[in-house]
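Shared chain: chain A. Partners: chain B in the first complex, chain C in the second.
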Partner chain A sequence: MRPESHHNGSLAVTVLVSVGRHPLTGRGRRADQDARAVELARSLTSAEVELLHAGRLDEGSEAALRGYLGMGFDSLSLLEQPVGADVLPAVAESLEAAGPQLVIAGERAEQGEGSGLLPYLLAERLGWPLVSGLAAVEDVTEGVATLLQALPRGQRRRLQVRLPAIVTVDAAAPAPRQSAYGPARRGRLEVQAAAVMDDADLAQWQAQPARKRPKRLKIVKAASARDRFKAAAAKAEGGGGQVLTDVAPEEGAAAIFKLLKEEGVLR
Partner chain B sequence: MSDIVRRDPRKEWIARNRLHPQHLEVLAELGQGAASEWMGPAGLIRRNPHAVGFMGPNGLKRIDRSGVQQGAGGGGAAKSAAQSKPLVEIESPAFLVAVVPDMAGGRLTGHDRDLLGLARQLADADPAARGAVLAVVFGEHKEDDFEGAGVDRLLHLTGAEVDGFAPEARLGALVAMDRAWMPRHWLLPDSKLGGADLGRRLAARLGERPATGVWQLEADDEAAMGWRCTARGAAGTVDFQRAMPRLVLALAECAEPVSETRHAAEPLALPEVLPSQLSRIQDLGQVAVDPAGVALSEAEFILSAGNGVRDWDGFHHAAEVLGATEGASRVAVDDGFMARDRQVGATGTWVTARVYVAVGISGAIQHLQGIQTCDKVVAINMDPGCDMIKRADLAVIGDSAKVLEALVALVEQSREEKRNAA
Partner chain C sequence: MLDTLLPILIAAALALAVIGAGRRVRLWRQGRPARVPLLKGLAAMPRRYLVDLHHVVGRDKVMSNTHVATAGGFVAAAALMILVHGLGLAEGVLGWLLLAASATMFVGSCFVARRRRNPPSRLSKGPWMRLPKSLMAFSLSVFAVTLPAVGLLPEDFGGWVVALVLSAVLVWGLGEMFFGMTWGGPMKHAFAGALHLAFHRRAERFGEGNRSTGLKALDLDDPEAPLGVETPSDFTWNQLLGFDACVQCGRCEAMCPAFAAGQPLNPKKLIQDMVVGMAGGSDAAYAGSPYPGQPVGEHQGSAHGPIVAREGKALVDAETLWSCTTCRACVEECPMMIEHVDAIVDMRRFLTLEHGNTPNKGAEVLDNLIATDNPGGFDPGARMHWAADLELPLMADLQQVDVLLWLGDGAYDMRNQRTLRSLVKVLRAADVDFAVLGNEERDSGDVARRLGDEATFQSLAKRNIATLAKYRFQRIVTCDPHSFHVLGNEYGELGGHYEVRHHSTYIAELYEAGRLHFKPWKGGGVTYHDPCYLGRYNGEYEAPRNVLKALGIEVAEMERSGFRSRCCGGGGGAPITDIPGERRIPDMRMKDVGETGAELVAVGCPQCTAMLEGVVDATAEVRDIAELVANALTEAPEASAGAAQQSSNRPQAVEVA
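What follows is the complex of A and B.
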């Protein structure tokens, strides 16, 4: 990144962080995607990064939140919310008051409903554009950010978005740095009171540990025994593919070129 | 003509007597030339066991009991099976189920087909008041089987504003659709290919709380919409049982795809012209990524080499020019021409490429297993009888080095033309 791109003042960035859950032990930890979001914010030059969390402060969550402080922060703002509350109003009011240029969040939480809706609802409420699945922020110049979005199959897309904006990151973003113990102990958790709204819907749902999804059976709809046997035992037969025999290499290459063009894999 | 059957006892006798010199002529005349079975004059089925089967290569009679021999033509069987599926038309649907498929690469993905299967479940639940499945497709597509996938109505929106990454324009179209037709259900795939993003945007705009990560659906009279769903939450560790909301983001394999019926796929148009809106997100296009850096299992375009490749420099050059990720068969890896992590097949990587070009690979069963999920397979091979040719959608029989060379020349030429035009 070019350092001269930020000469008109620093960029105010807020990272929304949550308390994660280790997939094996079930202990609280830095949420993986949120830690990547913090790492992305840390990689921006001359950005003033603030951390924001909405939730309850107890023993388990404090250790996890201090994990974010250990990535090089003095303080973290914590909006006090009970378990099972809808954090949208509290976070939206806090963001409206602080007025950051860029809000970075992980795609989904590792606890609770984990629907990944919060960034979208925030964007709708604040009227800001939203870009999902970010791999990198390439440049921020005069209120326009150039972003690199991660697509499936390892592809990347370049986007430009006018700030203020909300962006979310997923596993394609750079891996987070290790949390340092000393800064994590020294950092302050600034607890603020905030409006509380109960999530009535969530309370009505029945939650249970995820059970393994049934494996899809291969259903063979065949009329005769021979067809069923073939489906079970035989290897794939020719699906009516086109075979070019006795052609010049140029002709064959032209046919392949046409197919590749049609499929749009040539750039 | 009269319906009375006129019998010729002499001809019937000749038809029964295989040793009669006129036996074959009479059989042909009676229309029993090749038939081994016919309706006799008394209404009984008569069988001629001698007419069954064919002479095998070693002079022995062989009987194929698959039914292929008696069918009129073997070639058209698959096509006629597709045509013979019953066509279901819903003239005046009681309600609409809107589905927004991902259409990755311009075709319905497996996930999209599952979702359409789920939409059919919702639409056909009440036989007295059946709904119609409405699919919304953005941009150009190459799909020709919307009928077989279970689409009753098709809304196809094209134009520069909805191409590429245009979530705001697409969202505008969906909201206009919602206002115009008020679909009872909205179904979107909860996938990285765009469905998850668009579905959440739609939920936020409509103010509906969606069910995300849905993988099971069952009828429930107590729920408001008549259905309950099971949804994954908390990074895949918790299942939520809840009443199904209006907007559902479903996971892959949420239902069986439609396979037994054909549907109308009748084109629809939006009643109003979409307002042009200023997009705050500008798409600057895809960025060229290093194909060697893409994991083989998720590469989109693979150029794979096997035992038939002699000119390895030419192969690597071709992969670079085409922008393809390199793969290899077991033999090429064992011989040390390619790295172990490039091996495709049951013992290597199971690939999911959209286009797989196999150069000089004969197609061992382990290799074919590894490329099961590839959409289009292109084979370049010397041997016209190998298994890879049978699997391939396009096969070129010839020297792989020369074909690749010609292909590289074509690609470079087209790039040159594009550069000159620009």
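What follows is the complex of A and C.
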């Protein structure tokens, strides 16, 4: 628990929520990472939390969206968007109008493109900083948030960021609370008109079912149980990485291009 | 002097009792409305009390007889006293009858006093300890003041001193018996109990062998209808009345597996807490065993205040409600027919549906049920993987069969898959025309409902009912008593009416019909563990024992078997909510098994199998009845020697005299 005195008034927080998809049955549900984002927002004292969803309202998505309401909300703002629309302008305009201090989102959606790019595009468009992989918001004082970012192997990094900012959470964030049926049923889905922009790029893309990606074999030469545990618990991590700082953009791009060639991503 | 004083005293006591009754009724009426036939209930009450209740009360012979003498004596004495002393009708036989009634009551109260000398821990102390003295005061003083009335003593015997002393004792007796009856003394149980029997929420429980065990559905279509019970006033008025009827005899406490395991639940205290909540106040005056590990006096509530606080303490802690295994041992044992399990699930419903606060793995299990229709979160398409080599006939292919085999979620559990394979082998040996739903089957909703998630239960139930409606079958057979109970007793309210059999019942029928033949039993001693949802919930105690007998097994019964069977700890979502205690319930049950010296315990429930097999250093193996039967299967005897052999391996009645 953070001392409450750190907050000056209430903190306006908007959580971007999407309609998730259960990996086995494909049923609509609260997206896991988005639910964690809501949980993170809920754990902030004296925060005024708004839920924002851009998408279509139908029977399947309503049940899933009500799942977020069941975490203890009276209403959820819904920017109505048809399938295949680019939700970026609608979400950005809505955020500009509402002016939240902090926007929290899951790292990526569970269906649709799921590229994980939306938070970055939003940050770029709004000109806000973005922090990914958040484990906790430790403190907000005078427009500066102290954040705890999750790194592989349970490491944490403390960051300070000036608000407004966008932060994203992944599986390292605290698990979401149970969604209760009563509040979920009572909560309102407030449909707001929003500009619709067709995603011209998406229309040109060809979609096909994903193939299972080959997994890099991890050869573990472990001498002890501790090593085996470390190997099993580690997130995928390239050992021979290279940190480039203070280089010209061309140099950086060249290094990335070289790596992609080496890894066989580009041919 | 007594001639003038007595009518005044009696009239005053009656008036106070009536005022108290009005106040008590107002307390009950804080509850939600419930439709009960009032006059019909009152008319049925004497029979319910004298006949239907007697078999429960009569389990304790001494106390049963004590109660007959005391209560019968009191009712007769009170009525006659009003006639004799209140209205002055002492002439003739009435006075003598009053003497006899008060004497009977006195004898009864002596036994009550003996019981209170070294009371077992399950009995509440406090005001209950003065009850035998009050009973004696009443019976003795009524007896004494009646002696002059019948002419055994002169009218002015003993002068005014004796009259004053007698009056004082009588005031005490009248105070306890009339004033205390409606103002909240120990005698409250007589007033509230009689009305509770008349207006019982499950009137269908009364009558020989009748039972009513299915939970009642919430109305989810009405957005205004409350989701479970938040405050004492959210119970229906007749539930509140039922709580008020409690005599604090503690039979429930003695039977409760959670209490024995040191988990923070005592059914008696829970009911008393509801009474405290209904009237408003703290539990400090409670004089029985507390919830294990929780001192008395820290909780308080009011009729319109929360029972479980979101934070901090209110009337009851959530752990108390989640400790219950819904084994119904308390309900089975209660001589007042109080419905503890209904109340607990009502309160759990609010915690789950409104607070979203199902403890431990509860939320995960409910999410799995919503997303995958099974509590483990397994792929619904993998439901039949265990039977890949069995080529089980599917309902979708056959459309119409004799027996629909309901697999239950045990289909995902490797231990229970052995039971299922055995059951299939038995059905095939008996040439039963059966089929399974396969991947069309879903969880029955048992766990969701007992965890308070009525919405998920009804969603699963309605989809299962729709699936079952597509096919034609005579009966459903299942090896899971929980599915059995839900399909048979709880789907009806939602529109699904089926004839359901537990596999032990069905195997017993097949054997009776001569369709199964068994090799003689060669193993060691065997005992049988009654699953709660088969026994207490559905009254099936005989069939499993008949099957074991047919196998040639002589069952060494545990001390607690049949309707008093001790729960394995696996019901009501208890393994999921996993409230810590001092001991584990299955360990205690396995100790019961060990005491019989049996090398094997036969069970008939996947939950019981899992719980009992989870016991470390157990002295007995755990086998489902289906497994025992499948192992004993043998070919039908040759046609030529058929008659002779059949008689050799089937027990027959033998004339003895």
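To be clear about the criterion, the second predicted complex is superposed on the first by the 208 of 267 C-alpha atoms of A that agree within 3 Å, B and C clash if a C-alpha of one lies under 4 Å from a C-alpha of the other, contacts with A are read in each partner's own complex, and residues count from 1 in each chain.
Note that in this section a residue touches a chain if its C-beta (ideal position, glycine included) is under 8 Å from a C-beta of that chain, and two chains touch if they have at least 3 such contacts.
All values derive from a computational prediction rather than experimental measurement.
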Worksheet item: Taking the superposition as given, does A:124 touch the first partner, chain B, the second, chain C, both, or neither?
Response: first
Worksheet item: In the superposed arrangement, which partner chain does A:106 touch: chain B (first), chain C (second), both, or neither?
Response: neither
Practice prompt. Look at A:22 in the shared chain and tell me whether it touches chain B only, chain C only, both, or neither; answer first, second, both or neither.
Written response: second
Item to complete: Based on the superposed arrangement, let me know which partner A:211 touches: chain B (first), chain C (second), both, or neither?
Response: first
Discussion item. Comparing chain B against chain C, which has contacts with more of the residues in chain A?
Written reply: B
Practice prompt. For A:72, select first, second, both or neither according to whether it touches chain B, chain C, the two together, or no partner.
Written response: second
Worksheet item: In the superposed arrangement, which partner chain does A:55 touch: chain B (first), chain C (second), both, or neither?
Response: neither
Practice prompt. With the two complexes superposed on chain A, say which partner A:183 touches: chain B (first), chain C (second), both, or neither.
Written response: second
Practice prompt. Going by the contact rule at the top, pick out the chain A residues touching chain C in the complex.
Written response: 22, 24-25, 27, 29, 70-72, 177-183, 185-186
Worksheet, complete the sentence: Interface with chain B, chain A side, in the complex: residues 21, 23, 108-117, 120-121, 123-124, 129-133, 146, 148-149, 151-162, 165, 201, 204-211, 213, 216, 219, 221, 224, 226-227, 235-247, 249-250, 252-257, 259-260, 262-267
Worksheet item: Tell me, which parts of chain B touch chain A in their complex?
Response: 65-67, 78, 104-106, 142, 165, 168, 192-193, 196-197, 200-201, 203-205, 209-210, 212-213, 215, 232-242, 253, 256, 259-260, 280-289, 293-295, 298-301, 322-324, 354-355, 357, 365, 368, 375-378, 380, 384, 387, 389-399, 402-407, 409-411, 414
Worksheet item: So in the complex, which bits of chain C are touching chain A?
Response: 223, 227, 352-358, 362-363, 366-367, 370-373, 377-380, 453, 455
